[in-house]
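Got some structures for you, see below.
Presented sequentially are two complexes of chain A, the first with chain B as partner and the second with chain C.
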Partner chain A sequence: MSTTQKFVFFALAATIRLLLIYSEYQKIIADRVEVSTALNSWKKVTEGVYLREAGIDPYTGDLFHESPIGLVVFSYMQKYLSLCMLCGIFVFTDLATAWILGATAYRYTSELIATEQKDIQKRKKESNDEELSTLPSSMSIPASSVTSSALLVPSAYLFNPYVVFNCVGLTTTVFTNFLLSAALYSMINKSRLCSCFTIAVLTLQGLYPITLMVPATIYLARNEEGKNKNFPYGNINKTIAMFIGILIALYYLSYKVSGSWSFLHSTIGFILTVPDLRPNIGLYWYFFTEMFEHFRWLFVASFQINVGLLYVAPLALRFRRDPMLLAFSYLAIAAIFKSYPCLGEVGFYMALLPMWKHLFPHMQQGFIVSCFLLSCTVFAPTVWHLWIYSRSANANFYFGVTLAFAIAQIFLVTDVLFASVKREFSLRHGLSREIHGNTGKLLLE
Partner chain B sequence: MRIAVYPKCEKFLTSICEWAKGCLKVIQLQLQSCAKMRTAFAMYFIQALILSAIGDVGFVSCTSDVDDAFNEELMLKPLPSGHVYAHFQFTTLWRTDIETETFQHSRLFPRGLGEIIGRHNVRELHVSLTEGLWRYEKWGYPLQDTGSGAEVYAWFNDDRRIDENWKSLTNALAGLLCASLNFVDVSNSLSPDFTFRPSGAIPRPLNSSCLRYSSLPREIVCTENLTPFKKLLPCDSKKGLATLLNSAYIHNTNYHSIAVDVRPVCTNAACTQTTIELRQTISLVYDTMTTDSQDWSVRKLFGIGLRSACPLATLSRVYVDVTDNETSETYRLVPEPPETLISLRGGQENRIAVYDIKSLSNAGMFNVAAVHSKAKIYGVEIPPVLFANRYVVGYGQERGGLVTKLHNNYWKPLDVVLLENIPWYIPVYTHTIRITCQGKLLKPLIKRYVPGRERERPYYLEMVLRLPPRSVTEFSIELDYLFLKWQEYPPDANHGFYMGPAIITSLLPTARNYTALPQDGSTISSSFNASRDGYLVQLRTEILLVSLPTPDFSMPYNVICLACTAVALAFGPLHNITTKRLVLKPSKKNKLVSYIREKLSKTKVDKIE
Partner chain C sequence: MGLLTDPRAGNGAVIKFVMKWEKLLCLTLYVTGVIWFVSLAYPDFNDNTYFSENALLPGLVTNEFNEDGGAKRFHDELLAEMKKYPDDMPYPWLLAKFRQLNLDVYTHNFTLNYPLSQQKFTGQNVYSILRAPRSASTEAIILSVPYRSASSIHLTTAPSIALLLAFAKFCRKQNYWAKDIIFVVTEHEQLGMQAWLEAYHRCTCGQDGVLIAGDLVGRAGSIQAAINLEMHSFKIGSIDIKVEGLNGQLPNLDLVNLANKMCAKEGIRRTFQRRADSNPKDKIRKWWYQFVTMMSMVSTQATGVPTGNHGVFHRFGIEAITLEGFAKSGSGTESTIYNIGRVVESLIRSLNNLLERFHQSFFFYLLPSTDRYISIGLYMPPLALIIAGLFIKAFSVWLKLQESTEKKDGESDAVKQAKSEELVLSHIAWEVLWTHILGVATLSAPRLFTYIGIKFHLATENSVSLGLLLLTIVMFIGTLCFERYRTYETASLLYVIALIELATMLLCISMHNFSLALVAAVVYVPAALTVIPKKGNESRFHNLRCIPWILLHPLCLACTVVAVYTHFTFPDYTIIAFALKWIQASKQAIVFGIIDSMVYGNWLYSVTVCVLLPTWLIFWIVVTSKPILRISK
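And then the complex of A and B:
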């Protein structure tokens, strides 16, 4: 049943993507600022490959921001593949991403159920608490959710309009998403080399996924934690050393491939200093368009710290028991606050949500967030047209929409995390919210 | 003053002066009976005459010792479209080496300009300020090609500290010509490989790293540029052809261009010695069709007749191109030209009426006029061999395309160099370049491309193309419009941004419609009967106005506040979730309500009691 269903889903998703790619809408979607940014646009990749073929260093210009290794890969792709095959590769990669996400979800949910059962058993033995034995059945995750989330996660990826647009727009985020899913899969499978390698490649390309090293390290260190109680310094050091080694090797390889270090300015420098102010779904573009020159660096630094550093340690400490949720929150925060976000990344982290199906009853803002997302998705192209083409609106309209979109995503992420905290509380203390007969309220103190 | 500088001529000149003074006295005595006004006028006139005589004599006698000379020329040419083209050229030649000259002393050469050249180690300098567009299809080729707005390019003697020198040079020129050339910097300068070559003498081969080119298409040319330009002339605007340069009559033309060109040229055939050549030119195109009659004259065009030649000038002439009058005699020149030249050049025959101002102004103020005996009928204008158009395609402020069309009307293929100067705020995609000709793709023979960088460097694209005979070649490229920071937009941001002209360089095999000076010539007279192997043209296309998307300029505080609020909305809950513990507390919400209820019920109870 499940296999046929899966096959049908994948076939349907492939058909939708291929139909759209070969329709007249492909160019419109690919040209949308929400889909293609300076970092992932296929047009810019084509330009970079063209310049490389012409013997001009693409990093001397302003249009190409992929890593040199990516450049080599893409230039081989464009050289030896026909347009049909190229589109085929994009669709295939997207389907593969969905499949890997399904496998990740399967593994994650089964592990989650196992650990929760073990936890409850352990605590039952230790405390003999009456409350825990009376834990309502709705609290525990049913065994069926293993298969259901293994189906829901890929379908959330396959039929998410954001992801579909991303694939039809032929952005390089399709490959980034593939690598991200591979990183998640390899970290849950505790494959050190694989996770270090994928995260290193992602870091080379987009810098922000470096935060994924935190959940990966936790996953890899968890294995030994069970055996001996000591803090697994050796394991963590090994993981970090391997990651840094691979990253350095990749940078050196990039240097060898491109012949100079000038690519650093066009990749990392471009991401960090935000020189491109073309609108996208993020917060940076209008903020730094309207910024007073005097304060530019202050705000660039604080925004980058906000996305890259600020939440890493607190979230890692809070959610150390659930590294997948930690990875999700990192990905979501990066997708909201990074310098050149695109819909493909938003779609990716949203596709992970069904993994935490058990948290949904604890969430409060689902309706508001979905209304926000829907209206923003409709309004963004409308006000863009009004501003850029009919010139009857101005930049503020589009900024308003991106602001609302960002806030909706923020609500979503904080809601999921808060739900996780609340569920954890309920697992310990039961679902009852009563203190000595009076109704109480859950508060953060 | 001149006497002090040239002691050798002193005696001769003093005697001349004495003679002149004597003459004046006699004349004064004779005119004493005349009315006061008339006397003053006559005296002025005679003085001018005598002074010019002194100038003449002084030059003739001292040429062997004087190492500089000044020529003034005016070319008037009725264009086939009914316009009249007036081209002034003031040439100063100074026999000295541009590299070693300190420019501390100069006689005819403007010292202000000289010092700028000397200080910045400049080998060749070309500055032009142009208003309007030269219409190649209708008017043929001008004597000097200039792009609309301000255009400046310079060759330096070496490329040490060249960017610094370039910046400083353009700043100095901005001061000298009262133009906004100070806006030239590395972000809008190019070093094209093929388009510009040194036009003068070079001691060693120079490569393009010694060259800087920039154009400011937004520049508006007006009186404030003309006045400093006139001050560079040895006679200022007090004498000679420069007296015709009245701003009111110059700035109401269809096209006017002011240019200053400095280059070293060879003094002799072996080029053992070099001369600095300064060419100051003003090109004007008047529309004579809008007036009542088709007649035109110097007085009508410039508002004043010709009074005298500049006494310092060796050559002081007015040329009128009367080629078009040859077949259908529609007008005659008044006064009758004393001399008519026939110039044979590259298969083209031109008839040129020559007026020598020095000999003609003896008789008083004079006027060269074209008087039409019958209405001129305008025939089909034969377009020149090569011309080009450029335009922007697409709509919206997001992306567009740039198209340059090159017309080759010659019966043989033509090799041209196309230089596209694209500013950094209009990024172009080179993979979208399409060069089509008659439905077929054309491959450029050579292509040079340096991608631009935001706020640092423009996009430089130069191509050598072989245009098929009798064809229209279309070059197109896709471009994006960049979103700039709010403070980078000029005042009136919605007016748009200008894009400098493309330059098309070619060596034409025929001189049809060609009037420019040969490379080895310094004066307009050198362009007569100057047949060469090829005729260099550098066409400038239209400048383009593109409209970049604009932000709301009144919003900075609001945007900063709102975006920071979004960040804070994330920070607050995440901070709470990560640092605080979840506890169950009795709900406080009802406290106030219950308190009030309590109070109310209490008062009720009180009342009842």
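And then the complex of A and C:
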């Protein structure tokens, strides 16, 4: 890709963002429930900073849910930066995220091609299978996809309407996304300190990204896998110990900064127990407004297990050879099932998709999923307007849309993951799938 | 999960079916949808209305209204006042009358800065609040009348003002009110009502600085419902119940039922869309009668323009209807002001019984007669069928595209393919972007047009319509400029995008304003399905497909609608007179649409320009593009 092309893309993305930020639509976008949630809205940050300046503990009320370290950073930002500079920082961070994602994609795709070539060579040597030699060229990833994915991933981030809304709405998810991209980049560069640190900061702020430690550990362990064939216990232990060490240090720092442990209840507690039932694109608010108080804890537990624990081990076992895909699936699952999801997170994991461009031909529901996502995106504000302003519709309409949105995302994620499995199968066993003379097909059941 | 198949393993049954029968499938869906919708007016396919909200307790009280003598006196006095001031509202008289009844009475001033020129209009509303003796002022009911001066072109509403005053006098003596009753007399039709509501809720619905609503001195609680009266005569033959509001919003069906039932109880002839219920034995004839009534509702609702003052209430979540009383024409019984007063009393007392907001019955419905309804669950499926054709077409085009690229896989080398893919993507993104930017630009263009027009001493209508015409020409030139890059693939991809955008937009509109979506779908879907991109081997007649699509340009379509309307309003005009009238009317219609969106927040113009126009342009690009087999370099 040419540098000028990249420059044009970044400049265009910055222009779109700045134009929207300084337009009358900024306030409308920032107030949308899909964009700003209790966890990430800039309004709440401003409140928290104000309370802190006034000498009141911002965590005593039910207003502020950022981490204390974030609070300090944001209060410095609000104190010393003018509004212009502040908007500039948001836009700049978003562009930096896109740039880091591009670098990650470049690195990831070139590594993927190298390992795949090695794999095929190895297998060809081992067995003189006919089918493998007849593997069509379309199966292997072309070398050009390194540059193309390094261009497509950042542009998918820069021009993703979800990400643009997120940036224009001035949510703190802009910074979360930046940290996420940094975590992915340091993961693939096998930098232990950086990945542990970024993931620890993310955990402190949003809890769910703790799952990213799994792909990070796999990446870091793979580093020395070639040298000794044994399971790299030492390496893994070192990574985990470092992560826990940094996390504890961060918590202690937070305690020192805020002066008490009350922030735990307002950050982790707020995320886990879901007391705020303001509608958002997630699935919690409707269930828990409808639910009998008696069953609340049972369902809170099962919902949280669903997002945090249930998929971690199975996916890690299946996709251990492709930790980036594993990280993608964790991010996507968190963005769908977490307690206060927002569009910025959805946009982030969708921007990663072009990295797996070679899986697209194996996907089945691309068209349907994209139709669904588009209509849900348009329907949500429509139905919201009918419900809140015209009072002619009700909460069920909006919940229906968010449910459809979640289902479309689930379809997307399963489709990508299953496409990866199918492709792997095809690489190993060839393309033709004749079973007793009939053409068979692979189905996920 | 195996919903569709892995294209590498051969196509599944569903896909094969869709690809083989795509044209027939789309046609069948469209025809079925239309027939289904048309047959909804058949008595077996719709239901009798019923009361859903028990708290209304309709008609369970003994009516006590007895101020018909008072109403007569008010009416006589008002007519004398109107003669004295033929152009103005008799504020002093109204204020004095309300004061004599010992009610809180206030005036409300508002200003309209006419957005397309430097003119200013002012108006004044009079309103009076009867405080409920039984509760704190937390909830209120509105009884409103638009004041029409003697010189107004509309039918007079003087009898309803007399009735309003008489009813206020009656209410004063009762002690059972649990909600405040606000009596509002507005000036300048809907503008006054809109200004009053904006002032009451301290918000602005249209553009900032256009309608300056100011603030109110006196307020009651949150408004639960509103009844608007337009009685044109002291003795009436029938009452027409008007429901359609701004942007096609409707009041809760319970309120409509309530009004119908109360009129029936007093033995007043009820009409809907000015058509009385007819009950022929023959079901087909009954269907036809009800179908015409239903289509009359569809056509009024589709414009999104309110049919009365009730229309501007809906967006504030206030259920409102207008009762319009017409003088007796032809045979039939005649009702006096006494009966109408009793109807109003029953309505207000029922509303007074409400324990919570209207939420039970339907908000989305169509009425084929006064006592039958078609709910959202019945009318949505036909529309969904019509729109489904677009999705199926898009899907099949997409699949064909996938197939053709797969075939090419072997032929060209990967590097070149990736390059061309990038080009295709950026090209499509660019096309989609510029068409939509142009749409948004058109939205804010009228002000600029009039600003320039004033320099050339053009009237507002002329400058706006000339500007829009110029913009359309610019668009045509724009589509010609980029023509050389188009291949069959880019055109097909654009086609898929345009189809999906059109379908999504129609579905979205159908949630707000079903009638508009239905009319748009019936017109646009068959045309959109036929404007397929060229492959290069079509006959010469393929270009003929452009012609219907030109006629569907939003501007063209608007003019066509106006032409039909003009033809029906002035059937005996000669061709030249008709053409002149038509051009004038089209210009005015466009300006009205723009003004409506600026003052009231009617989004017909915005949606047309921001979504329909770009989609139209993309389709136009698709149908006019000349195919090139491969991009060179």
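As a convention for this text, the second predicted complex is superposed on the first by the 440 of 445 C-alpha atoms of A that agree within 3 Å, B and C clash if a C-alpha of one lies under 4 Å from a C-alpha of the other, contacts with A are read in each partner's own complex, and residues count from 1 in each chain.
Methods note: a residue touches a chain if its C-beta (ideal position, glycine included) is under 8 Å from a C-beta of that chain, and two chains touch if they have at least 3 such contacts.
This is a predicted model, so every value here is computed, not measured.
Using the overlay on chain A, decide if chain B and chain C clash or can fit next to each other.
Aligned on chain A, chain C fits beside chain B.
With the two structures laid over each other on chain A, which partner does A:Ile305 touch: chain B (first), chain C (second), both, or neither?
neither
Just to be sure I read the superposition right, which of the two partners does A:Tyr389 touch: chain B = first, chain C = second, or both, or neither?
It touches chain B and chain C both.
Quick one: chain B or chain C, who's touching more of chain A?
The partner with more contacted residues on chain A is B.
I'd like to know which partner A:Ser148 touches here: chain B for first, chain C for second, both or neither.
The answer is second: A:Ser148 touches chain C but not chain B.
May I ask you to decide whether A:Lys422 touches chain B, chain C, both, or neither, giving the answer as first, second, both or neither?
both
State whether A:Thr414 touches chain B only (first), chain C only (second), both chains, or neither.
After superposition on chain A, A:Thr414 lies in contact with both partners, chain B and chain C.
Which angle, as a multiple of 10 degrees, do chain B and chain C span at the CA centre of chain A?
Value: 60 degrees, nearest 10.
Which partner does A:Cys371 reach: the first (chain B), the second (chain C), both, or neither?
Second partner only.
Classify the contacts of A:Phe159 with the two partner chains as first (chain B alone), second (chain C alone), both, or neither.
It touches chain C, and chain B stays clear.
Mind working out whether A:Glu293 is in touch with chain B, chain C, both or neither, as first, second, both or neither?
First partner only.
Could you tell me if A:Leu19 is touching chain B, chain C, both of them or neither one (first, second, both, neither)?
neither
Could you state the shortest Cα distance, in Å, between chain B and chain C after the structures are superposed?
Superposed model gives a least chain B-chain C C-alpha distance of 5 Å.
What residues on chain A does chain C touch that chain B touches too?
Residues 389, 391, 394, 411, 414, 418, 422, 433, 439-445 of chain A touch both chain B and chain C.
For the complex, give me every residue of chain A touching chain B.
31, 33, 43, 46-47, 49-51, 54, 56, 58, 60-63, 275-279, 283, 285-293, 299, 303, 306, 310-311, 314-315, 317-318, 333, 336-337, 387-389, 391, 394-396, 399, 403, 406-407, 410-411, 413-414, 417-418, 421-422, 424-425, 429, 433, 435, 438-445
In their complex, what parts of chain B are in touch with chain A?
395-399, 424, 427, 429-431, 447, 449-454, 480, 482-487, 549-552, 555-556, 559-560, 562-563, 566-567, 569-571, 573-589
Across the complex, what residues on chain C touch chain A?
Per the stated touch rule, the residues are 1-10, 12, 249-250, 314-315, 317, 357, 359, 363-364, 391, 394-395, 398, 406, 409-410, 414-415, 418-419, 421-422, 429, 500, 504-505, 507-508, 511-512.
Mind listing the chain A positions that touch chain C in their complex?
136-138, 142-145, 148, 151, 159, 361-362, 364-365, 367-368, 371, 374-375, 378-379, 382-383, 385-386, 389-394, 411, 414, 418, 422, 426, 431, 433, 439-445
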